[in-house]
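Each structure below appears as structure tokens.
Paired with subunit B in one complex and with subunit C in the other, subunit A is shared by the two complexes that follow.
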Partner chain A sequence: MSSSTITPPAPAPAGSPGANAGAVDLEPSRSLLERVVRDAMRGTGARIGVAYIALLVLAAVFAPFLANSHPLLMKQAGAQGGAQTGAWSSPLLRHLTPADVVLLVMFFAVLGVALARRLSGAKRLLILAAVLAVSSPLAWWAVRPPAQVIYDKYRTGLADKSVEQAYFVPIAFSPDDRLRDQPDIRLGAPSAEHLMGTTNNGADLAANMIYASRIALSIGFIATGIAMVIGVVLGALMGYYSGWVDLLGMRLVEIFSAIPTLLLLLCFVAFFEPNLYIMMVILGVTGWTGDAVFVRAEFLRLREQDFVQAARACGIPLWSILFRHILPNGITPVLVNASFGVAGAILTESTLSFLGIGLVNDTSWGQLLNQALGSGGTFYWWIALYPGLAIFLTVFAYNLIGEALRDAFDPHAAKRGA
Partner chain B sequence: MENRFGFRDLVICVLLVCMMATVWIAMLQLDDHKRALNLITTVLKEQTGDLAKIRRAVEEGGSISVAPHPASTQASSGDVAGGGWQGRDLDPFARIKLAQKMPGYAVGDNFISSFGVLPDRLTPLVSQDAYAGLIQDYVLESLAGRDPETLAWVPQLAKAWTVSADGLRFEFILRKGVVFSDGEPLTVDDVVWTFKWMMNQEVEAPRARAYYEKVASVEKAGDDRVVFTFREPYFQAFELAAGMQVLPQHFYSKYTPKQFNEAIGLLMGSGAYRLPDPKNWQHEPGKPVELVRNERYWGERAPFDRMIFRILENEAARLTTFRNGDMDSLGPTPEQYRSLLQDKELLARTQHFEFDDPAAGYTYIGWNQKRNGKPTFFADKRVRRAMTMMIDREGIAQQIMLGYANVASSPFSRLTKQSDPNIKPWPYDIAAAQKLLKEAGFEDRDGDGILDSPDGKPLRFKLVYPSSSDVYKRAVLFIKDSCARAGVAVDPAPTEWNVLIQKLQQRDFDAISLAWSGGIETDPYQIFHSSQIAGTGDNAISYSNPELDALMDKARATVDEAQRMPLWHRAHQIFHEDQPYTFLLTRTSLSFVDQRIKNITRVTTGLNPRLEWYVPTDQWKWTKPAPK
Partner chain C sequence: MLNYIIRRILLMFPTLLGITLLVFMVMAYAPGGVGGPVLNEAGNMKSQEAQRLREYYNKRYGLDKPPIIQYARWINQILPIGFRKVDNNSISDFGFKWPDLGESLARHRPVTELVRESLPITVLLNAVCIPLVYAVGILSGLFAAQYRGKWFDVSSGFVFLALWSIPAIWAGVMLIGFLANRSYFNLFPTSGLHETMADQMLFLPSGWGPTFQRGWLLDTLWHLVLPLICLTYGGFAYLSKLVRGSVLDNLHADFVRTARAKGVAPRDILFRHVFRNSLLAFITVAAGIIPSLLGGSIVVESIFSIPGMGRLGVEAVQMRDRELVLAVTLVGGCIGLLCDILRDVWYALADPRVSYE
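And now, the complex of A and B:
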């Protein structure tokens, strides 16, 4: 039985909301997700949460344009000689990394796709995937920032007049600019120049905070993404087949839920080099059990429903039945779970970094927090306050969203609200 | 069917939990009792032995040889009247006797300090870290020791010794009446057995064996005489012979080498302190390592009842503990030292010391010259010298060590005679470094800001360092920024201690930053001789210089100091030229000690031994003086 021979008369792919006539069966289920999201966003808490996360995303995407030691525009002095004299240049753009560029491209792609109302969900995803697939290799090939940077050359340049004019972004410091030209600035309290003070290494705290939001967001999304994919696939198979597949699957779930994630991470980080991607994978691989159980329950409920029977009768391939017909009706609890999962992943990473075994070269909130108590026994309040606040607010925001989604999904709560 | 969890169930559950807890606690108590009973039995047995000895001695009317021994510290008997005997007129306790004459001298109270890590094991020979060594130095004794001030050899377990003309044969006369802490006498057999045990291939003591392989034999030559014979002349021969810590044969010979290797806390000796339980020391998290005074000690009584070493891994926690007065001494980090100096109230109740210890050792970056059988960038000595010159070592000393460090130029401390006073460390000079790299063929060929080798590989490497230390981390970042200015990319790679040791042994690194501890006269053979490249030798960077090899071989075999020093000076020049390591810093020793501890003085090797310190009775803090 191949799917191309039979055109399903009624159940159009659930991924297309604007699909025609026969989608009656799926219409309510499709709108369940939409309704849940819409209901959830009605509350103030969820709105605040979403607004905060959006702010964080903006900070993460535009980090190089918010905090950078390289001037946005710079004019070299003419007297120094050479062909480039007197010319305007933009060291900031020159020093953008491929990751920066891909992030920016993806941000605008998402924005564009979201604004285009005509597109179906699947097409949107397809477009985004295509943009990512094209832009990343291109960026890695075309964007070649200098591998070696000496940040203080602009400051010394301005001082000895070899740079005539330079315009900086709001925070004129990169996160790994350890201000070697000003050794006394280390561990400085917030001032006009350094709004949030400076760190243990003499870098600007505000710049570090902004760049750290990238780590927080990416570890949250990717770890949860991995967990969701594994959880949904296994949960779907378990729920659809039930029987011995279910039996085996549930034992697997039990085994994995018995793994102490933090301990595993601690062991792993101690014996291999700390690596963000490995951390994401471990968090994902151990965090899928909740999703799997939810999806399994939904599939158990839905597998005997008419539209599934119909799809099966039409000879639609298994993956299509599972993921295009049943899944959209059963995904909502996973979304609720995911928003709590993101918060958990961020907390875990912060915990590891705070214990001093997290990332080395990239800055993260937990790592910054770790520096708050100096070895001299002094407590640096600004290093504790800002990263601590950032972690708290982010986790809080995700939890607000999660709460709202759960309430919207819960029929009892919905009735109470109505 | 109502299946609710009612009040009755709750009560039953609580009762059940209570019962289980009671059983558990009872078991713990039983364990405790058993342990205490064991200890009492052992002590009782030892005391019965002592009593028997006393009775016998009284019956015979002779001298009593139970510790503390009255008068065997002076070697005045006729057996050493002959010529050539050294050390016979020296009193090993002269310095302690001086302290005893000080006003307020008292024996009692505890001394509490801290360790940064829990020692892995305390068993001698197989223990690895410096902390275990510190404990062992209080528990074990050797034939002779160095005077902390003059560094001359003073007798300890031996009362005198002779050295043969060719410097290959050492004969020691053992002191009479020395007993181990369980009351058994220490004899020549123990010395001979210790050597045999150490050389037993099954005992995991390769480092000790590497040195003692130079000893051909240790033989008994009469009731109280032992002879060390060396295979070849060696400048530290006497140190090896006299410095060998003597283990009790009757105690250790009960164990097989395998049991010995695996034992965690098997430590007994004849020293001034002993473990409360020499057989079963165990590391328990949160529990300090404790030594108690050896009341059977043959020499002068040790001043403190107990020496307590608390395990505090966190630097800030150590500082707080000391600040709160829960600890008597602290080895602060430079940053802590500086902040403590600001604290008037604390300064009033403490004393502090900062001094340059010639035996402090040095930190370095080792440049691996051969990896996977192929030479690396650092096989070229111009590159190594350029690396040294582009690292602002003075900057690290000033900004990270806050000035409590000096730039090193070789493995020899600048405070010792071993170092050539005419050699100054290479200056911090980026232009010169870049010139050297250009000579070696390094240029930025692709315009990315990093220099490239002639075959196009960028000069970029991982710098491995121990991940536990904050000071290391900051220094490595400083080095990274320093090298960036010369167009060299350094990627910091913090590594967990055990993994780091493994990498070192497998030579799996580009560059590594670590520290070596030093001595008054160090033997660089272990680290820089080309014979130590093979296997897991300490020449992990595969450095080989035939001239230096020959020089070290010659210097080691030269017993006469006047002839040896010029050889070391030449070696120093080679180290300076070759830069097998980039020698970074020698740290200044910093120390804070509570005011109530008296008689702490500076001596050549740092602070005087703790056996000379004391607390006057009115300032006892941890124990109460006995009522009069």
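And now, the complex of A and C:
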């Protein structure tokens, strides 16, 4: 009913999904979602979007190996002169945090599960959950990076020959390395050493950008996930029961959508100390209304159908009727719209951080962008250009994917494009 | 129809109650509580003075009472009918009174006055913005639909999706940085809505050559250019795609084929037959676009330091100024809900097939 107001309408896709409608009908074993995803991925736009997001995931997972002040390999000079040389060591590996390790483990687990064929979807999820459950406590117990970090000891060491050889990763600066040994490099324009310049506390901008991609990705996924769960549960209850439950639920939807979203978020964020996790929850708690309306409409349509009546007559428990019988028939529009939700969450987080109300301790793109306009009318173009570009490209990529998915899903759009 | 409108307006009240209750409770139960930064001033005072300040706030806002009672006090305060005298422990004198939005905790000024100052500015921004968005969006959407599959259609689809994805904060920072900066192009002012001396200007531009004065009107427009760019470009994309989709739906309808068969000029088909029938879709969005523009003006007003409702709201939240936050929420919520109702009524008026009976 109100699907039109939530996202912009679909334009005609370049590679038309309508043209292969005949081929789709020949494979009844595929689910609607699989079909939609496969059709969507035929377009150039969606492929570009997916490629960009994949690149971003790689940057987020391998961030410590892309930007780090600790050398990957280091050879210390011997204690007495140059006669005997010290041992090789790897300060980078030594300084990995538990989160870095869990991310790496999960990345390879996902890769392995995706490559292994003959696994059902449920089994794959189960394996991933098991890996996560085992690896995270283990990492927090076993991986203990030194609490005190002195970044400039490698640079001074190389200068005064106490470090004989050191091999650094491509960007030889950590995001919180404020280059205290080079105080005049603060707010420096891009140069050969700092490819994207430095921020106002002297840190390397490129390193910060790479680490901030973690925040953008995780905020997008988790906030949208929370919003989807709340929206699906409430929407399902509203649609299934209709009547006064529906009336109450729709008022709740109205309440949440009538307050300007940004103001509601500002309230939540300003009154609770913002950290990454609270931010995700807040974005989820305020963003579920669209999903709820979708799911409600689907449930209103499906509740009178024969298979639901039959399930009810069999005495199947309510949660099973709701979530195992009806939901799989009505979830696709919500999943198709999830891509737009992720884009929106990233945009909102960066806006809040830009306004100085979002994340404080973690670097995010929006927070970096905030530093671009200095006092007294100064303008640091590199701090404006690169973080802004990163936000834009990420949001654009998700929107491209979302639009391709919706074109593949919406038969009207497909017909128009054909 | 009237019945429907009345029912919708009556339903507005519980919704508004819910909105304010939600915001109120968030503030009341948040760590630090209401007016934190304001009460922090008490730290610099002598203990007796601080005590007196706290007592004053407790008396004025009932901050020592349970939140639900504080909320009831606030509701009583904003209603035109209620208890005229609310003391710390007793209420009396029930009857009609002036509704009162209270006094701002941080600025010590009546909230009604603050809202009356900033609302016109936001309305002005949006009043200039909406016609612009519509003109460009409808035209480009119509062209894209007419030349479907041609280069204009494909490129405008891609460009508009890209425009839609540009974060307003980035656009604002880049515009200020490059177009309002001494080191690049110093073409526009960076902030505000008027020059400092705008009060003494004539309304219209006057003079010629060296004696030229731009006047109040031109000065305002000059200040509005950058904020308007930030506020509008996202709307183009949204509307243009919508127009394109709904025009395409109608281009394939039977009545268009009939019109074409009897030899109606293509221009008339597009504007008089198709466009009229596509209006329905824009109307739905017309009312929906206003609340989203209000949301957008929060960002734009903050970047360009324009003293409108959005900036008022942001500053109120930052100062934890309870009365001001509630007032801004109330006004924003009212506008949003009224637009919803307006949209549904419009919808029924524009399309005889829609009925709410």
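Everything below uses one rule, namely that the second predicted complex is superposed on the first by the 362 of 418 C-alpha atoms of A that agree within 3 Å, B and C clash if a C-alpha of one lies under 4 Å from a C-alpha of the other, contacts with A are read in each partner's own complex, and residues count from 1 in each chain.
As a convention for this text, contacts are C-beta pairs under 8 Å (C-beta built on N, C-alpha and C of every residue); 3 or more make two chains touch, one makes a residue touch a chain.
Quantities reported herein were computed from a predicted structural model and do not represent experimental measurements.
Once chain A of one complex is fitted onto chain A of the other, the partner contacts of A:Gly388 are limited to subunit C, with no touch recorded for subunit B.
In the superposed model, A:Asn361 lies in contact with subunit B only, and not with subunit C. In the superposition on chain A, A:Leu252 makes contact with subunit C only, while subunit B stays out of contact range. Contacts of A:Gly377 after superposition: both subunit B and subunit C are touched.
Ranking subunit B and subunit C by residues of subunit A touched puts C first. Applying the stated contact rule after C-alpha superposition, one finds that A:Cys314 touches neither subunit B nor subunit C. In the superposed model, A:Phe396 lies in contact with subunit C only, and not with subunit B.
When the two structures are aligned on the shared chain, A:Val149 is found in touch with subunit B, with no touch to subunit C.
In the superposed model, A:Ala270 makes contact with both subunit B and subunit C. In the superposed model, A:Leu347 makes contact with subunit C only, not with subunit B. Shared contact residues of subunit A with subunit B and subunit C: 270-271, 273, 357, 373, 377. Every residue of subunit A that touches subunit B in the complex is listed here, in rising order: 144, 146-150, 178, 180, 183, 200-201, 270-271, 273-274, 356-357, 360-361, 373-378. Within the complex, the subunit A residues that touch subunit C are 4-5, 8-12, 14, 45, 251-252, 254-255, 257-264, 266-268, 270-273, 343, 347, 350-351, 354-355, 357, 366, 369, 372-373, 377, 379, 381, 384-385, 388-389, 391-392, 395-396, 399-400, 403, 412-413, 416.
By the touch criterion stated above, subunit C contacts subunit A in their complex at residues 11, 14-15, 18-19, 22-23, 26-27, 30-32, 144, 148-149, 153-154, 157-158, 161-162, 164-170, 173-174, 176-178, 181-184, 190, 237-238, 241-242, 244-246, 248-249, 252, 281, 284-285, 288, 291, 294-295, 298-299, 302, 313-314, 317-318, 320, 325, 328-329, 332-333, 336-337, 340. Touching subunit A in their complex are the following residues of subunit B: 315-316, 319-320, 323, 333, 335-336, 338-339, 395, 399, 447-450, 458, 460, 467, 470-471, 474, 477-478, 481, 484-485, 487, 489, 491-496, 499.
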